[in-house]
Each structure stands twice: as structure tokens, then as C-alpha cells.
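Each structure below is given as C-alpha cells.
Heads up, the next two complexes both have chain A, just with different partners, chain B and then chain C.
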Partner chain A sequence: MISIQNLSFSYRKNKPLFENLNLQLEAGHIYGLLGKNGAGKSSLLKHIAGLLFPNAGHCKVLGFESRYRQPAFLQNIFMVPEEFYLPQVSIKSYVSTYAPFYPLFDKKAFYNYLEEFQIPMDQKLTEMSYGQKKKVLISFALASNTKALILDEPTNGLDIPSKSQFRKVIAAAVSDEKCIMISTHQVRDLDNLIDSIVIIDNHKIIFRQDVETVTDRLLFSTVTNIADTNKVLFSDSSIRGHAVITPNEGAQHSKIDMELLFNAVLDKPERITQIFN
Partner chain B sequence: MQANNLFSPVRFGWYMRKHLQDNYRLYGMSVIVLTVLSLALLLLSTTDNFSIKASGLMPVFFIGMYATGLIFTSLCFAELGNKQQGIDYLLFPASHLEKFISTLLVTTVGFLLLYHVAFYLAYQMMDFIIYTKKSVHIVNDLKEFAVDTPWQYFYSIWFVAQAFMLLGAVYFQKYSFIKTIFLLAVFLFCLYLVNTLFVLLFFGKILDEWYSHFPFIVVQIQKGVTAEGEVHDLLIIPETLQQIFRFAAQYLLPPILWTLAYVRLRDKEI
Partner chain C sequence: MEFKDTQAIYLQIADYMCEQILLDKWKPEDRIPSVRELAVQLEVNPNTVMRTCEYLQHYEIIYNKRGIGYFVAAGASKKIKQLKKEQFLANELPQFFRSIYLLDLELDELKTHYEKFKKSHFR
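Right, the complex of A and B next:
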């Protein structure tokens, strides 16, 4: 579905953001794109959407070269940027003018999503708060039924109940034909939502694994005494004890701690990736 | 069904509808502002001592058309200077050609239509004011004006200026109007300097003054000296060539500039 091959890009000369970056994303998954500030998460999403052009390499979505922004490509991809624009019209007008451009748009689903997010239908977009507007845009994005859906920091500006509503609607919207990519630095917001993790750092994709594979190979646990634990790959101390990652040698089941995994991958990339090779 | 990726009339219709729906308030208010502004300028430009003729109002009409039309065109891609709006614009599922043509139509046909409506309203209001004060109407001598004045050229030149401004608007999202005028002035000055070099090369000593030429059209040379003084001659390019130049400036230059603007729009990144 999304194929990035040998992508190189820099905003300034001699300061590359991506160097020969490769990434393949398939339909039927919700990918979480994680990275430090300035690692290039948003820039990578912009390349996928065709808002930035590679200096070298290719970025294709459904076989379309993103940079050409052809209508057949644009009607199959929807991006919810971190900072977004909505015209000063009513929800009804917005739908009537924007929806015809998305052949698979489902009006009924759109109003269902709005209901789920508790957005009053008769309220004008201009009278809405940032969080409400974002929920309208997310609802529209989901109802457009595009094959690729890109969400850049979607939970920014959402209150706590809305974040859980967000997880609920995204989980319900995923299908075998859709590829959803979510970029965030608030990894806890994506708990139980994403099924694949992509970590970007140092101009490259340094980690890309299914959540299932991660929990098969790694064990996430909290211990009181770190010295009692063997083969600690990474640990993080808190008032509750020590959150640790160890190799899952006993095929035990544990719940993934994405923040811990993210920090582990950034801190000890070789040790972590070695386990997956 | 595979979408037409270059131009689809149906999608273009939808896009125009979307554009108008997003901007109808702005355009409606613009007509009101233009009408009031035109009326104010018309009232300021006339005095009580003369009978008012419609032809006397035409300078205000054309100056207003150039000023407002070019400023409006210079702002037509301002949304690309705003990250949020720019993303919405570039990712909207219409082709670049459809987006560009809609902007072109709005800044040419749309603007001229609204401007003429606004000026006509201002004209009618002014006529009403004058009639109330003096019990006379504005003298409509536009037929004579149309015969005596090459008014068509004012429109032709406006389209050339509009095309330059549109190209500038795609390149510069901030201060587009000023930047475009500045760069155009620099370009014309450089063109003049290049022409000066060639004129000096070709005519050398017989050239009247180093600056006595108009690029590609005319050169003033010295023919000799008589008892009465120096004899000058104007070397003008043949009439056919003049017509070709005029045709190119009127009918080829704007489409070329529009095409360049379209190509630049396709390459826009945010």
C-alpha cells in the first residue's frame, strides 16, 4: 500500500533528515510512528501525502507517486495534520462541498462518528473549540473511507474522554483495505490501538515490528529490585518500582509498555534489534 | 472507475462550487467595499465647476481596475503561505489544473465582473447625488470615448499585468504584490541594459545618446550635422514586426505567464 524506497531528504544542504530510508506499510494495520522531536515524523507523513518531495528515492501510495498529487491518489488518502484548517461554514455545508470528492464517503458513518464524539450537528465550525473541530475533521477523515489515513498527533488538543473515544472510533474503522498511520509523541494515547510500531531516529527507520512480535520476544514487567532480574535490556525507575524489559525466554504474556520500548530502542538500538533478527 | 487526473469538468464544477461557498462572504463584502471606494474616489475627483461627463470618470475606473485587480490577484495564493490552509489546498482531491483554472477564472473573469458591477453601482449613486444637488445627470459620452480612446489596450495591458501578478503570487506568499512589482522593475531595467549593450554594439558612434532607444522597437541615431545643427533619425522596426510584437504581448504573453504559474503550482511543497 505505502512503499518508500531509498528516500533521502534534507531541508538544508549537508543536514540530511532522511538518508536512504526504506519503509513498506500494508493495508489492514494501524501503524504508530514514533520518534523524538525533530526526528522527522511529520516530514515523513508529508512525504507520504505528497506535501514534500524527496531529494532522491521514491514514495508511492497505491502505486501513485505521492509528489504528483493526482486526484486518483488524493481521493484515496486523507491526512489530518497537527495544525489543520476548516472553512467558516456549517458542518452540513462542509459535508455537501467536500464529500463529493471522496467517492467512498459514508454520510451516515460521518454523523455516527460525530455522535460518538458528542459534537452537536447544528453547531457552526466557527463556534467550535479546537478539540471539537479536530473531532469533526477526524470524523470526516474516517467517513471518507480512504485507503490510506494519516493522522499527525491526532490526540493533541483532545480532552481525556475524547482520547478514549478516539481510540474507540479508530479501532472500529480499521479494515483489511485500510492502512492507518498515526504519528505521536504521546505514546500512551496509542495504547491498545496500534498493531505495528515504527520508530524513526537518526535519519532512518530504526525499528519496525508488530506489537504481537514485540510481546513474543520481549517481556515487560515491573520489579521492586532490579538486581534480582536477569538480562535486563532496559529499565526505567519510578515510585512504583522499576519497569524493565527483558528477553521473553519463557514465552510469557505481558502488556506492551510503548513508552518503555521507545526509550529502550533509542537508548540501546543494537541490543533490542538483535533480539528481532 | 479511474479518476481523470488532469481535468474533469464535473470535478471542476464541484471545485468552483466549493471555492465560491468558502469565499462568497469575502466576495460579497468586496463588492460593497469596491462600490463605496469607487464612489468616494469619483466624488473626490470631480469638482462643481464643470459639467460631469462619464468619460471624465474613466481614469478613476481604470486606475481602480489596475490597483484592486492586481492586489486581489497577488493575494490569490496567500493560502499557500499558511501551513494549515496550504495543506488543505494541496491535498484537496482536485487536479492542479482544476485548482489553477478556478483561481485564474476568479481573478480575471470573476474580478472584472464584480469590479464592473461595483463601479456601475458607484456611477449610479454618483448620478443620483449629482441629480439631487444640481438636477442634472452625468453626461454619458462613452460612445465618443470608445471611438477616441484605445480603451481595449487598457484591458490588454491589465491581462498582462494580471498574469505577472499571478506568477508572483505562486512564487511569493508574503508581500507578493511588492515583491512582484520590484522584480518586474528589475527585470525590465536589466532588459533595457542588455538592449543598450546591443545598441551600442550595432550603432556605436552614430547612436544619438546611449539611452536613446526603446528595447526591440526604436533607436535614435545621428544622421549628420548641417548648418541648422545635428540631424537625427528614428529607426523603427517594420510595421509587420510591430504587429507581431503587439500580438505576442497581447495574446501570447499572458498565457505563457499563466502556464509558468501553473507549472510552479504543481511543484509547490509545504
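Right, the complex of A and C next:
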């Protein structure tokens, strides 16, 4: 569905952000894009959406080169950016203006999502809080039924109840035809939704595995003392004990700790990737 | 639903679904909620619920009617108890034995505690 080949990009000369970056994403999954501040998460998403152009290499969605922004491509992709602008109009007129760009737009679903998020219908978009605007945009994105859906830090600015509502609407929206990509720092908000992890660091994709494979190969556990230090790939100590990652030799089924995995991959990229090869 | 950090989500969902069956909320030959409905309710990825369904189908607790959905198998309760018993004997009982050994407790002593427990909780 999304295919990035040898992508190179830099905002400034001699300061590359991406160097020969490769990434393949398929339909039917929710990808979590993780990376440190400034690693290039948003820039990568913008390349996919056709908002930034590569210096070299290709970025294709459904076979269309994103940079050319052909109508058939634009109809099938929606991006909810972290910072956005909404015009000074009512929800109704926003929909009648923008929905026609998306042939599969589902008006009924849109109003259902708004109801789920408890958005007042009688307000102008500009009179809403940041969180409310974001919920309108997320609802619109889901209702547009595009094959590719990109969400940049979607849970930023959402209050506590909305995070649960957000998880519900995303769970309802996944389908075998859709590819959803979410960048986030708040992994705990979304760790039961994301089924594949993509980590970007040092101009490249350094990790890309589905959660099932991760928990097949790695064991996430909390122990009171670390008995066999040779086996421990990564550990993080707290008052509850040591959260550790070890190779999953006993074929156990643990729950993935994405924050721990992220730190482990950044700390020991070679050792972790070795386990997956 | 609150998920624990200690066990894979798909297994925790399996526990939840087995509980619905044991509590008779889902009866034998009933159609269970769809994968999507469960995913929305539990706020998890539908692929995870799918994995749970395949797992429960493997143990013949639910079965699949093509194009319609999953149904509770006729002998589901019995199968669940059997599966849970095996898991208990393999995982929890050794832990329990370890504790009573370390605390110098005798099995006979525990019997009276167990009878008391049954009386106060299940009668």
C-alpha cells in the first residue's frame, strides 16, 4: 500500500534527515511510528501525504508517487497533522465544502463519531478548543474512508475520556483495505491498538516488526532481581522491580511494553535486530 | 476493561470471553459479538480479537460459521474448565506449593481454611 524506496531528504544542505530510507506498509494494519523528537516522524508522514518532496528516491501510495498529488491519490489519503488550521465555519458547511473531495465519505458515520466524541454541533470550528477541533478532524478523517490514514500525535490534546473514545473509533475503523499509520509519544494510550511497530532513528528505519513477532521472540517481564545478566537485553529499574526484556526461550506469551522496547532498540539496535533476523 | 501488564492481551481477552460463557451470559449455540464489536468494546486492535477467536476455536470453545460469525460450542463450559484446570496445575499450583513450603504450612492445616473459605464464598 505504502512503499518508500531509498528516500533521501534534508531541510538544510549537509544536514540529512533521511538517507536511503526504505519502508513498506500494508493494508489491514495499524502502524505505530515511534522516534525521538526531531528524528523525522512528522517529516516522514508528510512525505507519504505528498506535503514534502524527497531529494532522491520514491514515496508511493497505492502506486501513485505522492509528490505528484494526483486526484486518485488525494481521494485515498487523509492526514491529521499535529498542527492544523480549520476555517471559521460551522461543522455543516465544513462537511459540505470538503467531503466531496472524498468519494467514499460517509456522512452518517461522521455524525456518529462526533456524537461519540460529544462535539456540540452549533458552534463554529474556530470557537472550539484545540481538543474539540482535533476530534472534529479525526472524525472527518475516519468518515472520509480513505485507504491510507495518517494520524500525527492524535491523542495529544485529548482529555481523558476522549482517549478511550478515540480507541473505540479507531478499532471500529480498521479494515482489511485500510492502512493506518499513527505517530505517537504517548504509546500507552495506544499500545493495544497498534499491531506493528516502526522506529525511526539516525536517518533510517531501524526497526519494523509486528507486535506478534515481537512477543514471539522477546519476553517482557518484571522481576525483583536480575539473576542472569547475560540474557537480559535491556532493563529499567523502578520501585516495583526491574522491567526486563529477555529472549523468549520458553515460548511464553507476555504483553509488549512499547516504551521499554523503544528504549531497548535505541540503546542496543544491533543486539535487538539480531534476534529478528 | 482493565488489562494487566503481565499477560498477552489476546489471552486476557480469552479469559474475558471464557468468563462470559462460564457465567452463562453467552449460552451454548449462541452467536457471540462480532470481532469488530468486541474490538470496539475492549478498545483493542481487531486483529488481536481475531487471534483470541482462533485460540478459542483451537480448544473447541467456540466455532466458526462461515460468513455469520463465531458461536459458543455445545460443551464449551466443560472445555474451559478442563483448559483452566490444566493451566492452574501447570502455572499457579507450583507457586502455591512453593509458598506453603517456605512458610512451613501443612496441607491438613489448609483444609480447614479451605472449608471455611468455601462456606463464606460459595454457599
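Convention: the second predicted complex is superposed on the first by the 273 of 277 C-alpha atoms of A that agree within 3 Å, B and C clash if a C-alpha of one lies under 4 Å from a C-alpha of the other, contacts with A are read in each partner's own complex, and residues count from 1 in each chain.
Here is the rule we go by: a contact is a pair of C-beta atoms (placed from the backbone, for glycine too) under 8 Å apart; a residue touches a chain by one contact, two chains touch by 3 or more.
Since the model is a prediction, treat every value here as computed from it, not as a measurement.
The superposed arrangement places chain B and chain C next to each other on chain A without a clash.
Once the two complexes are overlaid on the shared chain, A:I194 sits against chain C while remaining clear of chain B.
In the superposed pair of complexes, A:A171 makes contact with chain C only, with no contact to chain B. In the superposed model, A:L52 makes contact with chain B only, not with chain C. By the touch criterion defined above, A:G241 reaches neither chain B nor chain C. Within the superposed three-chain arrangement, the count of touched residues of chain A is higher for B, of the candidates chain B and chain C. In the superposition on chain A, A:H253 makes contact with chain C only, while chain B stays out of contact range. By the touch criterion defined above, A:T215 reaches chain C but does not reach chain B. Contacts of A:P71 after superposition: chain B is touched, whereas chain C is not reached. Taking all C-alpha atoms of chain B against all those of chain C in the superposed arrangement, the shortest distance found is 28 Å.
On the side of chain C, the complex with chain A involves touching residues 3-12, 36, 39-48, 51.
Note for the complex: chain B touches chain A at residues 2-5, 8, 11, 14, 17-18, 21-22, 25, 82-85, 87-88, 90-96, 266-267, 269-270. Looking at the complex, you find that chain A touches chain B at residues 46, 49-53, 68-72, 74-75, 77-79, 81, 83-85, 87-89, 93, 97-98, 100-102. Contacts from chain A toward chain C in the complex involve residues 28-30, 164, 167-168, 171-172, 174, 192-195, 212, 215, 221-222, 253-255, 257.
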